[in-house]
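Below: a set of structures, written as structure tokens.
Look for chain A in each of the two complexes below; its partner is chain B in the first and chain C in the second.
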Partner chain A sequence: MPVGSLFLRGLSKKVWVSSLIYLILMLLIFFSTVNAQELTPNAPSDNEVNAIAKQLYCPVCENTPLDVCPTQACSEWRELIREKLASGWDESQIKAYFVEQFGDRVLATPPARGINWLVYIIPPLAFIFGGIVLFRAFRTWKKPAEMGDKNLAQPSSDEYINRLEEELRKL
Partner chain B sequence: MIADFGYGALIVTLLVSVYGIGAAFYGARKNLPAWVESARLAMLLTFPLVTISALCIIFLLVNGNYEVEYVSSVTSSSMPTYLRITALWGGQAGSLVFWSWLMALFATAVTLRNWHRDREFLPWVIVVSLVTLAFFLILIIFFENPFQKLWLFPDNQVVAGLSQPAGSVLFFPRDGQGLNPLLRHPGMIIHPPMLYLGFVSFVIPYAFAIAALITGRTDDRWIRVTRRWTLIAWLFLSLGLILGGRWAYDVLGWGGYWGWDPVEIAAFMPWLTGTAFLHSVMIQEKRGMLKHWNMVLIILTYCLVIFGTFLTRSGVLSSVHAFAQSAIGPLFFGFIGLTFITSLSLLLKRWDELKSETQMTSWLSREALFLLNNLLFMGILIVCFWGVMFPLVSEIFTGLKKTVGPPFYERATGPLWAGLLILMAIAPLAAWGHSTIKTLGRAIWKPFVLSLVGIILLIVSGIKSVPALLGFWLAFFVAAVTLQEFWRGTRARHSRSGESYPLALWRLVGRNRPRYGGYVIHIGVVLMAFGIIGIELFQHETQGTLSQGEKIQLGEYTLTYESLSIFDSNDGRNVARAVLSVEENGKYVGELFPRRDYFFESQQPMTIPGIKSTWEDDLYVILVDWQPITSQGATFKIYRNPLVNFMWLGGIIFILGTLIAAWPTKDIETVRTRERHEILVGATG
Partner chain C sequence: MMEDIETEITTAESNRTPESIRPRWGRIIAWLSVAALLALLFFGLLRTQQGPIGVGQKAPDFTFTSFDGKTYALSELGGKVVLVNFWASWCKPCEQEAGDLELAWRAYQTRGDVVFLGLAWTDTERKSLEYLEKFDITYPNGPDLGTRISQTYRTTGVPETYIIDRNGILRSVKLSPFLSLDEIKASIDPLLNE
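Now for the complex of A and B:
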């Protein structure tokens, strides 16, 4: 009789049952872990955290993006971004959360609402105004003047350049 | 004793300055040359007096007199002597003394020039220079005094003051707090003096402009006299900005060179108006136009210089509260407001006398294109000024702070920079006075085609980014036009006189330095544009925590974390220094040593990147200092910055071009006299 059969026959039924339950439990745990790993997203990488942190500004330090701010507080905020990403939040949700917590100043540019419109409107308006002034001045200047264009007919004060231009024409 | 002596020298300088202002004013009004001469001598005296005061501070800094508040705040026993000397401009009070010293130096230099042809300007140049100097001296003496000592009360309270308060004794701290570690970089040691030299030199053209307005001598004499001053001011300001960028790249550890920070913008704004002014004065010199506008530009530049000095050190724009608490904030704004209103009033008084002598005749003339260039520079200035001021305005009206960060500035100024590049390509080929599409087209088609060929090559090589292609095309176009200008001139000289091409080029530039120096500056700008396009549009980055021997990949680079050593240095730092080996496409190319220095005194960390530089790119590695650093594992942030070295090369060429443009030209009469003399000597010998 093989040794194995003797060994098996020696084991009581109770041991067999408990071993089977243990095996099933282990398999259940194993598969549940695998399933859990499949369901939970991987821990967000530094690059994923920085991609969002780059767009946020440190609420404490002046003008420092969160991805490069070396303070302890910013380190914790980066970890917060990591946690939120791990919980399945997207970029806009995380940004909205930070704005809610610390105000608009965490955004790289003021959101276009209320008084903030001024920051976007004034530079183009001033530029257009400058352009109009320049255009009008041009038109005024271009009207034939009674005094004529005295300098236009005169040679340039730079004799050397005139000579050089003359040489170039001859070439 | 030394501190009291230095303080006394400052008070005497202020008194001398006030006397000089009064004497110059009285002498000019009553037409008494003796009084003006006395004022001139007073202005000359200010330089040795401020020098004494600055030397006293330097002595206290080097000697380690920590009972002086300023010395204690910016030096420590571990600092080497050269850093103790440069700590003169390491804090606000000292840097104001340094500013005053430079102002006195420039005032002296302008005093010693030959005034034979411009005698009527002298008293007013003295008044403007000394008013500026006196303002800074008042700030130092009454608000930001570097000679204040520390006094200890029985309840262990320490108070700073000039004289001993009752019941206190002089306090001798065992050591100082030391200079901010970020300011210990060579770039930061040279950067502030360059910036301040730029700021101070712009006071001189402004002083002449005001003198022209007051005296009514409104021809272009003031511009001709100050052309070189303006170029020197611009040179130093440009150098200061470039050095500041390099410092940020080397020390701040964020892989960039320009962060659109209010302090950076403060130094950039006078540069913008100064650049517009440098172009605009050419129109007045050549065509007798834009006299009002040139006055406006130099007045703006002066006000922005004062504003920039104020912002650079005080940081009061960070919040309304900081501004309100700052003793010097309202004074600065008061002074800027007063000078602005006074200058504009003088300009309005002379408005009719500043009419243009000629007419604008063509939209495509060089003067018209220069005017457009001025409009674009003003556009960038408005974006910068409003971006810096808006957070303050928002806080005043809503009580909430806002951030106006790089995306705002980049989007708002990007098209304006592109416009400037187009003008840089077209304007050198447009004629003064009159230009048509036909004449311009004839001059421009060759460089235009050449630039298109360049772009086609880039497209073939695989670049697909439209903004990058547009940027490169503009840069190629400017380069082609500028190089064509050099080629045309050199060829003309070569065919006329038979000179060899290198000699013809040398003499071409030498005979017209402002023009060809300007073209060299344009070449510098083109190279800088390459660098900016490279880093802004093609920068890649990654971050990872590696254990020893582990690898990280970025593009064609593979980096292996080899080791880390942590040790204390003998100058008060704890250094964590990593070693990474670098492979490019699988081939070993070297090692990088990023490190983090932690300064015990100031309790500040400093991140020094490891950089592998080639013309193609920089591999820029930071030992991320906010993660736990151990020999088992460390976090690295890695950037690949393409073409960034073209920016530094462009910066050097830019400065070289400015030097060429500002280089003194030999006086033709002197040359002729010398030639005659040589002929005579040859004949008799």
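Now for the complex of A and C:
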């Protein structure tokens, strides 16, 4: 047998074994994936978890939304959201659960109750009040100028001021 | 002459119309509102700046339900020395003292006049239970729901331990993990002889 044919035969055997191993591995991966999907048919995606997580804040860190919080604790809370979603809970139920467990601090916006009402009432009231103050200020700024012009043209019609000025002149 | 002027001024003041008085009420209300808002902010800031409750004060009462469903109220533990430990499963320093706390509990349990209570702070139930199992913790533990108890005690983090005497007075606060069993005993033993 020629040396070349022996080499090819050896090579094809190696390729054949490698291909077989590769095929077995691919089949294993395929079936394990299919089984995992069958076990968790309603497994929530990361996007679904993060959609809720970004509306909640880490109860331990300062001002860090749960979806971007890098701590181990936040990772566990995101996992908790995933579990609740998989159990069929909706967004409002999950948020209520987090409030019950960790307090109002986990919410991005404070609930409108108790002293929290001030957060919703004060800014619009301050805006309206500021508008009124500005309106009144503009009016009063305009009046003295107009009155000043009139004062130059004619004496004051206020008897009290005329009398006062007259008495001051006498001093 | 001056008397005439004063009389005129008095007359002028008495002749003021209600329209000229009304804006003053507006100003008073506005200033009062600003003062009230500033007072609220002041007390809010004061509260947040306060540290944990002071040693020697009456320990605030609280009620919690343990992971196994039993309810505990501090007010019902009068006459006993109570150790309240705030912890979390994600807290590494908490692990440092977990074993020693359990050893201390086992040492005092038979006496009947010492109670250990563990409160899981901002933790998930599953992880809390895993933690309790890992350190074989047998004293009552439960979640600090809504972080209400930790807010009452004005905790600054975990682990924190509060030791309350038989009269319900807070006698010591530990804002870091206990480093040994002896340290825990040194905090409790003097209270047992009172």
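To be clear about the criterion, the second predicted complex is superposed on the first by the 103 of 171 C-alpha atoms of A that agree within 3 Å, B and C clash if a C-alpha of one lies under 4 Å from a C-alpha of the other, contacts with A are read in each partner's own complex, and residues count from 1 in each chain.
FYI, a contact is a pair of C-beta atoms (placed from the backbone, for glycine too) under 8 Å apart; a residue touches a chain by one contact, two chains touch by 3 or more.
Note that the structure is a prediction, hence the values are computed from the model and not measured.
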- prompt: Looking at the overlay, what does A:W77 touch: chain B (first), chain C (second), both, or neither?
  reply: second
- prompt: Taking the superposition as given, does A:L118 touch the first partner, chain B, the second, chain C, both, or neither?
  reply: both
Query: In the superposed arrangement, which partner chain does A:V99 touch: chain B (first), chain C (second), both, or neither?
result: second
Task: Have a look at where A:P65 lands relative to chain B and chain C in the superposition and call it first, second, both or neither.
output: first
Query: Looking at the overlay, does A:D90 come into contact with chain B only (first), chain C only (second), both, or neither?
result: neither
- prompt: By residue count, is chain A touched more by chain B or by chain C?
  reply: B
Query: Taking the contacts chain A makes with chain B in one complex and with chain C in the other, which residues are shared?
result: 71-72, 103-105, 115, 118, 122, 160, 164, 167
- request: Provide the residue numbers of chain A that touch chain B in the complex, in ascending order.
  value: 45-47, 50, 57, 62-63, 65, 68-72, 74-75, 103-110, 114-116, 118-119, 122-123, 126-127, 130-131, 134, 137-138, 141-145, 149-152, 156-158, 160-161, 164, 167-168, 171
Task: Flag every residue of chain B that touches chain A in the complex, lowest number first.
output: 253-255, 259-262, 285-288, 315, 318, 356-361, 363, 368, 371-372, 375, 378-379, 382-383, 386-387, 390, 393-394, 397-398, 400-408, 412, 432-434, 488-489, 491-493, 495-496, 511-512, 515, 541-545, 605, 607, 625-627, 635
- request: Can you check the complex and tell me which residues of chain C touch chain A?
  value: 1, 5, 8, 12, 30, 37, 40, 88-90, 122-124, 126-127, 143, 145-148, 151
Statement: Note: in the complex, chain A contacts chain C through residues 59-60, 71-73, 76-77, 79-80, 99-105, 115, 118, 122, 129, 160, 163-164, 167
